[in-house]
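Next come two complexes built around subunit A: one with subunit B, the other with subunit C.
And then the complex of A and B:
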């Protein structure tokens, strides 16, 4: 009987049977669901440990710098698995997002080896990488002596692998053959529509299919609902206002932020197509956005949707996910839909934010740190987070196929899987990788604010902005 | 005897040495303090002379005063200078007038006045960043109490900090709320310490109250006014937390004061050279303003001593 059970769990871990089939089979053998769950974890740990010396750095102590986030919560909830498997102790400092990246910059630029690994976004590595603060993880991923044979790097969604690797050349293509892998994707968010089904039904509208429909639907919702506004998008004076919905829609029209000619960058935001998109976006905010849009970060965008103050958002899908649970007033009322701004586009092209893990160059225990990184980004941990915690969106293709995870999401989050499945193939970073990313993208958001406030017309604003950016690029030797 | 002489000579020599060294030893803590202060300052001066972006390490190099020269042709810099001076001037004037009015109302020592003056100090005990967040909630168009109140007054679409037309007004309001008590408490202390004789003489002569205020109270209070203004001006021109917490320097570039711009240059753009140069210019402005005020203050003190 024992051998029979063992065989079943091994078959499950090897992907030869689904979780449902496994539970059915173990049920026949008299095992409860909780006991089966424990045995699955044990089988997964065993599978991970097979043919790899996880205890090699036993006794080492690592220190992490973490952002307060559900991904960090999921890791902390599962950290004992790593500790018992490796004998490596792990400590961490955790900071809220408002101050997190300042803390990272301070810690890394000081050259202190206090932290071995830390959470980062892919954009930040465009600063940290060239500054020499983080290590190229290809050296570890591609070394079979350092990497568990079941790690399966290729299982990480290709758009995310490419988006977190860059050759360091301004304007260089992400994921090129000579690119360095600056971090490992951990969890990610793509940008689509999350909407209030009750409000949509009340007004009798469907989720919009393109930017023109979005402008019209948002206006109708604002007018007919008589209270909540039509659409929530970010507007604060920050690069973070450009990267979600705005750039996802912008990229869907094939518009670029910069053109690269002979290694020199030139602002491309003042093309005819770009001006047209900007006009529609500005009109949409003026007609149907929040009154104090210029103060809106992801937090306000999300909480307004959760509180019923807005009818839809074009922002991170996981923001809509979280607003559909917890103590939110609109819990259970939210739906999700893919969005391609361009009516002629075949599919959405969402820009992505990727929470990733990077290794500090100043760290003193790099091999042990890599053990932690590969565990934290492993299929097993990704699966644990996806099934048991709020680890959305997982970065591994195999986890997105997991029946238990899909069933859990499908049960309470209408349309979430569909919007993801439709959009994931086109999900990647659509910005041009270059060292002035934060200055210039913040400048973009600043000008967008001026356009929405009618301080400057869109055409003139974009021409001036492009000229200013070109000057900055020349000054930095990039233009 | 010989032994005694042999012992005394080094002792005398030692005590002479100690006497000579004593002044240096006494000033050593101050010197160490000075070094502690000056090291970061000269480091900033050094960085301001570099082309230094953390993410473009290959470009790092001495460019002497180029960062400063670049500012002259940079409209963003002039905007920063203008908005910093306007913000500092506006907040200090409003706080001074309000602080003085409140101090005059509370001048008489009564239990009620003492209680109110303590109560009025509460905003000063709030961290400015927290005050800014509190005001951000109160001015939220969806549920903010202030938005509701102004809507009753016929302004239903007041956008506060997110509207270029009202952003400066909004942050000034928060600054005034936090720092007026500072002005008030200093001026109240000044008012209460004024000698009663000139006021008694004026009362006996039946001098009008406005004349007493402008010709006796105000001139006598001037050292206190200058001190309070200097402190607030130096603080105000270096404002960061209220503006950053309320608007991050926006909308557009409406509130990009020195500290906010330097912070963004360093932490967001990692442009150490430009950020340091901005800080040095801010230091120079602060230094010049302090000098002007201190000179005025000394003049007033001399005049007061001369009169006495």
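And then the complex of A and C:
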């Protein structure tokens, strides 16, 4: 009887059986829910343990620095699996997102070995990597003695693998042959449209297919709905206002932030194509954006969509995902659509934010830390989070093919799978990696604010901004 | 005899009401928010009529927060306790060290006296982060990282200069003649300090203590850099309600109410000392 039960759970973990089928089968065998949970964990362990000594660092104790996020929750919910498989004890410190990166920077810059691994975004590694605060994970991924043979690194979406690796040369292509893997992708978000189906039906419009349609649809929604505004996008003076919808649309026209010639960087935001895109974006916010757009961050954009104050957003897909649940007023009313700003483009080109895991160089138990990193980014854990928790978006191609996960998402999130499937091949970081990333992108958002406030015309504003950026690049020895 | 005309009374009352409404409105709004669900807070347009709920307070006390992404663990009560412990202990240590030092600086002239007093004041000049990063290295060597003792020590950077300089001004304002008389009666300097100077300076000491407590309570960055999540004060803990899956406005409001209670009670209690203490120390005769 026991072998029969174990067989069921192994089939489930391997993705050959859905949760519903598993529950039906275990019910027939008279298994309780807690016993079923234990067997799933044991099956996960067994699936990973093939030909690899997971117990090598038994007795080690690791400490993690985490951000308060659903991804961290999913990991904590499954941590017993890792502990029992490896005999490694794991402790963690969780900080709110608002102060999280201050804590990370303080911990890393002081050379403290307190934390072995931590959550980070790819953009942050452009500072941490060259500063020598984090390790190149290629040394572990490519070492068969250190990495489980079933780890399957190639299964991680290629755009994400590339976006988290950089050779440290300003302007160097992400994912180049000489790039260092500064972190492993863990969960990610790409930028598309999340919209209120009820409002769209009321006005009789469809999700827009390109930037001109977006400007027109947003204006019609604002006019006809008589209350909610047409489109929510971020606008605060921060790099974080550029990276979601704005850069995704911008990149779709083939526009770049910087050009690189002979290793020298030059601002490219004042090209004719860039000016044209900026004009449409500015017009859209002026006509159909929130009143105090210049203060809008992730939180305001999401809250307005969830509360029915806006009809659509062009922002992270998972922001729309979260707003479709919980105690949001518009829960269950949201839909999702892919968006390619350029009518001539074959597919969307969403810029991405990737929550990743990195290893602190000051850590004293790196091999054991790598055991944790490879477990946390494994197919098995990714599958667990995607099926049972809000570990969206998963970073592994195989998890996106999992029937159980797809059925769960498709049931409550109209169009979510489609927008992801269409966009994932083009999803990557479209910024140029360089040390002044945060300063110059913040300057970009500051100029966008001036353009929306009509303090400066778009053409003139972009020319001046490009000149100012070039000056800063020269001063930093990059231009 | 009251010479105020009824019209003047009316105007005064109206003006007072306007001022009170203006200043109290944000607080009153936060109190109302703390009894509403997120959905009710985000209603468009906002409304004063709602079904009150205590679930925000329950979530804070029980440590379970429900969000769009499921249930999250909260440690808000622990954060509150950390703030109470760190602020009270820091002010107590500062009073213990600062009041005698203030007396010494006020009454005795000694070599480098002014320089030492100014050095202590200069602790308030430096941007905290500039001091904290090197300090964290020393803390690591001394084994003080992530300890309450270490944090209370660092909090002296906030409390000690404040108490020392306010109380010093107050001691300087008191006439030394009373103390001299007491000394002539056969008491030593410590007895004079304890029996005469401290009771006379008590309003100033209370005011300085209260101000130092408020400054310590509002501090954010010291514990963030030098300690783990379990030793964070309420200023860091309150940010936990701002999550990727949404902002829990009701719980933020309830957390604000909880976190202003200690300072509010202290301020009410010490109000008469506060005004008297600060104004008396300010003017030298």
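In the analysis below, the second predicted complex is superposed on the first by the 438 of 479 C-alpha atoms of A that agree within 3 Å, B and C clash if a C-alpha of one lies under 4 Å from a C-alpha of the other, contacts with A are read in each partner's own complex, and residues count from 1 in each chain.
Here, a contact is a pair of C-beta atoms (placed from the backbone, for glycine too) under 8 Å apart; a residue touches a chain by one contact, two chains touch by 3 or more.
Keep in mind the model is a prediction, meaning the values are calculated, not measured.
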Legend entry - Which of subunit B and subunit C A:286 touches, first, second, both or neither: neither
Legend entry - Which superposed partner A:206 touches (first subunit B, second subunit C, both, neither): neither
Inset, instruction - Report for A:102: first if it touches subunit B alone, second if subunit C alone, otherwise both or neither. - result: both
Inset, instruction - Tell me which partner A:259 touches in the superposition: subunit B (first), subunit C (second), both or neither. - result: neither
Legend entry - First, second, both or neither for A:84, with subunit B first and subunit C second: neither
Inset, instruction - With the two complexes superposed on chain A, say which partner A:295 touches: subunit B (first), subunit C (second), both, or neither. - result: first
Legend entry - Touching partner for A:309 - first (subunit B), second (subunit C), both, neither: both
Inset, instruction - May I ask you to decide whether A:438 touches subunit B, subunit C, both, or neither, giving the answer as first, second, both or neither? - result: first
Inset, instruction - Could you say whether A:412 touches subunit B, subunit C, both of them, or neither, answering first, second, both or neither? - result: neither
Inset, instruction - Share the list of subunit A residues that count as touching for subunit B in one structure and for subunit C in the other. - result: 102, 109, 309
Inset, instruction - Sort out for me which residues of subunit A touch subunit C in the complex. - result: 68-70, 73, 93-99, 102-103, 106, 109-112, 114, 227, 298-299, 302-303, 306-309, 318-319, 322-329, 389-390
Legend entry - Contact footprint of subunit B on subunit A as seen in their complex: 101-102, 105, 109, 126-128, 130-132, 235-239, 290-295, 304, 309, 435-436, 438-439, 442, 446-447, 449-450, 453, 455, 475-477
Inset, instruction - Over in the complex, which subunit B residues touch subunit A? Could you list them? - result: 53-57, 59, 70, 136, 139-142, 157, 159-164, 246-253, 264, 267-271
Legend entry - Touching residues (chain side subunit C, partner subunit A) in the complex: 37-39, 42-44, 66-70, 72, 129, 132-133, 136-137, 140, 145-146, 220-221, 224-225, 228-230, 232, 236, 239-240, 242-247
